[in-house]
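Below are structures written as structure tokens.
Each of the next two complexes has chain A plus one more chain, namely chain B in the first and chain C in the second.
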Partner chain A sequence: MYWLSGDKVSLLVDRLAEDYAVYGPRRDEVSGEVIFDRLNLLSRLDLQAAIPYNPPKYVLFPQYEEIIKYLYERQSRKVTIEKIDKLQPKALIGLRACDLTGILCLDRFFLGQEFVDEVYLEHRQKLFLISNTCVRPFPQCFCVCTDSGPAAREGFDLDLTFTGQGYLVLVGSRKGQRLVEEIGLQEAGPEAMARRKKIIDESVSSFDNFALENKAWISRATNRLTTGFIKPEVWEYIGNQCFECGACSFVCPTCSCFNVEDVNRMGGATDRVRTWDSCSFEGYTKMAGDHNPRKPVEDRRNKRFFCKLSYSQSKKYLRPGCVGCGRCARVCPGDIGLPNVVTYIRREITGE
Partner chain B sequence: MSYYRGICNFCGTGCGHLLQVENNRVRGVYPLPGHPLSRGRLCVRGWHIHELLQTEERITRPMIKEGDSFRPVSYEEAIEFTASRLKNFRGREVACLGSPRASNEENYLFGKFARAVMKSNNLSLTSDAGLEESARILLEGCGFPAMTGSLSELRQAEFIMVVGGDLTKQNPIIASEIHFARRSGAFLATISPRKTQMARLSQKHLRPNPGTIWLLLEALARALQTEGLVKADYLDDKIENARQYLEYLDSLHLKQVSELTGVEEQEIILLARKFYESESAYVFYPVGIQSLDRRSMSALLNLFLLAGKPGRPAGGLCPVTGISNLLGSLDMGVSPAFLPGYFPADKEISWKRLEELWQVSLDRTPGQSAGSCLLENQSLRALLVVDHDEEIIRHINRIKELDFVVYFGAYQNAFAGLASVVFPRLSYVEEDGTYTNSERRVQLSQKKVEPPAGIRPLWETLSRLAGALGQPWPYKSAEDIMAEISRVVPQYSGLSYEKLRASPGIKWPVDDLHLSGTEYLLAEEAGCRFRFVFDRSPDRFQNISSVNEGRFPFKLVVGRSNYFWHQNSVMKRTFIPKREYNALLLLYPKGFVEISEEDARALGLREKQPVRIISEAAEIKLAARISPDILPGMLYIPYFIEEMISGFLHHQASDLEKNEEFFLPVRLEKVE
Partner chain C sequence: MEKKLVPIITVPEVATVTDIREEIAEVRTFYFTFDRPEIEQAFKIRSGQFIMCTVFGAGEFAVSLPFSPENDRKHISVRKVGRVTSALHELQPGDRIGIRGPFGNGFPFEEIKGKNLVYVAGGIGLIPLRSSIIHVLQHRSDFGRLILVYGARTSRDLMYKDSIREWQATRDFETYFTIDRPEPGWNGQVGFVNQLVAGLSLPAENTVAFVCGPPVMFNAVIRELKLKGIKEQNIYSTLERHMKCGLGKCQHCAIGRTLVCVDGPVYTYKQIRTLGEQI
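Showing the complex of A and B:
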């Protein structure tokens, strides 16, 4: 473990900026809210800021991305297919533990199955990841229920824990080790590990006082969802409140649904574009000739929560599909974010 | 930084968003946390605006039509040519169609061009004049032309009533605020024949027969009276024509209303009581895409006044605009009825004032909407159009007869092909501009990307045209135009870009008395100017019961609100919303008619079974879609199905687009 004093953070960031495009949390000037953004001005990085409103997933799984380009040439009657330009290496600084866990879930989806997604792989190989322990949870958080925080356990190159004066730095990879040596960080001393653990324990025990928005009864809900003992009326009640906006999927650090479109560009070439998609959309599962025209929205809601919380899905991710970030609750026009849904399921179980 | 603050440009909610810009292209969108109205939410359209903003189907150069094709030309040539043609027309020979999606600055200048340069008052926005109608009624009734309440206070609401339309589809984030208000304790009632999602989220849903919403609303007022909740003396004090209105209500019998509307008397009384007892109340109705009809709007105003609700916080009469800058465009006077700032066009004093401000002489000939001109005005010869939705194409034959058509547009579309000259326009992320949402919130949208080379802002094109026609205009930026707007439009007098840059929008009126804007209409300011707005027609029930009931037992409603975005040229350039809006068409490629479960059972109809719809004038074959959302006796056809616009509904087209209360008596037969 190493020690990074508060005034040395810029040293670390500047060094990274030489090789990477740097992303991290910053505050919006007018609303003061936190956004995870490309930092053109490195001084805008704010490691004390709350969990950002957007998850960092767009950096490696963009909302709109050209994946290949192809051109049909009339004369030679040939099609040429090109890969789209080389991707830039990126450093993500100040990742919250839930969001880092989200990236690990995406890895399982894009890389851990039968097919490896090459575009994702290239993004992923060029990432430098620095996590940041939540020394105190934010109102919307419930990562302790989903086993994904408040501190990172794996997957980072470097991990920071704020002590009040500076940061304890845990190294997670060879890349990380090299950087720490390059900028000449000192060892943090023998008690550092215990100190970090103490900070994390304090954070965990403060959830009751600070993380007040969402009390999720995840394990019981998981049980119910997996066994399917949830009355259809509960899903109907939830489905009636869904505005079918897709936000819950877009903001979820682990949601990986996508859509593929071919777009004709000026000059004759065609771009194959990948965009975010959501299981909340009617058209997502629909095909021409579908014989179930009134496929109700509650079935689609049901699917998302099944994906986030059932055992069978957890096996795919090797953990629950929800990392407890609370974002879907904030963006949902219907007020049926995952924590509320868990509450409705709980009410059904307890008959409250 | 790559995320920039902005405002969604689709509907009149005006949600805050963050646009992700990379290499001068908008690559993504995210809800803006902390926006006072949208509070970090977007709807399905808003979540995909970046798909539209990436389209390459832009108009990038001025073009002049030669024969059947267009020749790209320089701005100089296009302006010289256009000016040389336009100077041959004036007044009634010209009609101008502004765009409710364009900024206040663009609309203000377009209106000025029509009135000051072309001397024409044929100036309008969409074929649906509902917002203008609503403004007229609200002005007459309470002296204030737009939403009297503020949406920021919705979550403190005690009572909310949503009348007509389909709010969760049209303005989803306003609907979401209503949903949150209900969840925090407000009583929510919906009045609509269709069982909309809003109706499902409501504690109370009254389902009047098609065409009888206004009657149900009058009955609610009548119920206040019969329940003894109206104090005539008090009303006399506040409202000029209280006696007359109470007399008018006297002749209404709840029992009779109940028969005609299909809503039980007891239900009417209960809702009226609930409305009366709540400290304050919000009522919402749609305008702009398929507006509530005039009678219903006035009935709603009257009910609001009668129950003593104006001027209280956490409440208000709320017309909800379906298109992004519809309200702002009317504020700017793009209307035959109002000059900028709601000065009525039928008052000489309005013209005098504007002539002084603009320093030109103006023509007082009453104007018409562009749509009416195309239908009725035989002397029409020239048409000027700013970005439009495809509905105007309906007048294609008349447009082809015109001598000269100018189109100012950002995207290629079918209308551009009808023009004699086409000028490109910037998209809303390529230029500064202000947009005014349903709740009068004026928001500044700042330039985020450089436009494709060579495209000039609309204000510059209009200024150069005005110059070429002998009126040099001095504008150097959109900000300059706002400076002029603040002198001409009193409601905007306290606004400036400087003020707007640092704010999430300010609600007009912004003036010396309201430096930081106005949340809701203050009763003491409106003073004693309240008036009931009603028509004392001898027989209020005429038109209700159809003489044809035997031969044409069904009431066919043609819905636009629910499906408006389908036929929208803007939506066609997105991926996901296009797919979602088309999902239904995949299942019913030839169109469908919705019928209630009860009627389908009685007629022995199966899902997707072909049926024939027959009216007095025409008939059409469609697939049946059995829907739990439809009242027995009612049929529902979405407007987007091509064939209907041209064929079956052709004769009723102009009536149909007036409002959602219109219906057609028809019968339905199975096709064996």
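Showing the complex of A and C:
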């Protein structure tokens, strides 16, 4: 464990910026919202800011992304296809533990299944990840229920924990080790581990009641979802509140459904783009000829919760698909963020 | 040694449409060869798999493979039904298409050796079964009785008439055809395929069925097969879904806990029944 005093943070960031495009949380001047963004001005990095409204997944899995470009000359019948190179090294600094867990889920899903997703892999290579312990939870958070916070346990190159004066720095990789040596960080001393643990314990104990109460219920809900013991009425109740806006999917650190379209440009070239998609959209499963095997909204809606909480889906992520960031609850125009869905399932079980 | 089957994952391989054939109304067969000889050589499929086909400038669609893994011309048979397939139908011989794949699981030939095989198809449902039928004919002695029950709306809607004529000329291949309504010059059955299935005498124990067709026909045929005592795990079908990647990533083809592109497209009826979704 190393020690990074508050005034040395810029040293770390500047060093990263030499080799990487740096991303991190910053406060938007106009809206006041915290966004996880490309930091063109490194001084805008705000490690004390609240959990950003958007997860960092877009850095690895952009909302709109060209994957190939091709030109087909009809006359000569000649095709040229070009793969689009994405190997820009990127550093993500100040990742909340939930968001880092989200990236690990995406890794396992895109890289660890039968096929490796080559597009994701290119983004994932040459990535530097620095997590930031949540020394206090934010009102929307329930990562204690989903085993994904408030501090990171794996997957980081460096991990920061704020003590009030500076940061305890945990090294998670050789890359991280090289960096702390390069910028000349000092060892944090023998009691640093205990100090970090104390900070995390205090954070855990100050979670909101809804999170603490839900802790056991999330696993009960997982069980029910997996075994299919949730009554159709519950799904209908949930489905009736869905506006099919897709916001929950877009702010979810682990939602990764995408659409692929060929977009024709002026001059005859075509871009094959992949864009975020959401299982709540009616057109998601619609086939040519207008046959749609999933019709009612509740039929589409329960897919998402199945994806976030069922055992079968957890096999793909090696953990639950929900990381407890609470963003879906924050953006949902209905009242069916994941914590509420768990509450509805809980009411069904207890008959409250 | 046979070259390893490596699917084309991200960037489509360019192929030339060598020949186009009118099959039935709105359905054409497109024969193709890969432009790169090494791909033409290495591209190996299993019966029941599918590919993602790019029509340049229009987009990509998933399509089942009707050709056999052995000694058969590469082709796809496609109904003009949406935007991309309409663009495909505009193509002329010599035009280029893009191919990714092959993807999916394929039919389980090892498990069904020695059994009687009943193929039940409705309309263009014969397309994904064709490859499997040809494979079985090429290894005829490995299997028991071989039966095709095939129905379409009219006699003009029956696919692959030439192939069927060839199959009928081979030994030990029983065929039954039906059309929905009587037609002048039609000597075969009139009615639905499920009625033909009902009339078959099949030993339930040693019979495997392959069913492909529109959902209404599918359900009616399943009912008949079950009445004959054929086990749910011995009834196979191949499913279709809206697909975007073929790799198990875009998730559009999710049915229950499975993805049609990697866990399918071939499913047993036993699996289908437990997926908890419409076909």
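Heads up, the rule we're going with is that the second predicted complex is superposed on the first by the 331 of 352 C-alpha atoms of A that agree within 3 Å, B and C clash if a C-alpha of one lies under 4 Å from a C-alpha of the other, contacts with A are read in each partner's own complex, and residues count from 1 in each chain.
Here is the rule we go by: a residue touches a chain if its C-beta (ideal position, glycine included) is under 8 Å from a C-beta of that chain, and two chains touch if they have at least 3 such contacts.
Every value quoted in this text rests on a predicted model; they were computed, and no experiment measured them.
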Side-by-side fit of chain B and chain C on chain A, or clash: fit
Touching partner for A:37 - first (chain B), second (chain C), both, neither: first
Included angle at chain A between vectors to chain C and chain B, based on C-alpha centres and rounded to the nearest 10 degrees: 80
Touching partner for A:261 - first (chain B), second (chain C), both, neither: both
Touching partner for A:174 - first (chain B), second (chain C), both, neither: neither
Touched partner set for A:68, first chain B, second chain C, both or neither: second
Contacts of A:332 with chain B and chain C, given as first, second, both or neither: first
Partner chain(s) touched by A:81 [first = chain B, second = chain C, both, neither]: second
Contacts of A:277 with chain B and chain C, given as first, second, both or neither: both
Shortest CA-CA distance in Å separating chain B from chain C in the superposed model: 8
Overlapping contact positions on chain A, where the chain C interface meets the chain B interface: 259, 261, 277, 286, 288, 293
List of chain B residues in touch with chain A within their complex: 1-3, 5, 18, 20, 27-35, 40-44, 46-47, 50-51, 54, 56, 168, 172-173, 175-176, 179-180, 183, 197, 200-201, 502-504, 575-576, 579-580, 582-583, 586-587, 607-608, 625
Chain B-facing residues of chain A, complex: 26, 28, 30-35, 37-41, 44, 53-54, 58, 62-64, 240-241, 243-247, 250, 259, 261, 265-266, 273, 275, 277, 281-283, 286, 288, 290, 293, 330-335
In the complex, chain A residues that touch chain C: 67-68, 70, 72, 77-79, 81, 83, 109-110, 113-119, 228, 256-262, 264, 270, 272, 274, 277, 279, 284-289, 293-294, 299, 303, 306, 310, 312-313
Chain A-touching residues of chain C, taken from the complex the two chains share: 7, 9-12, 14, 16, 54, 56-61, 81-85, 94-96, 98, 240-242, 244-245, 247-252, 254-255, 257, 262, 276-279
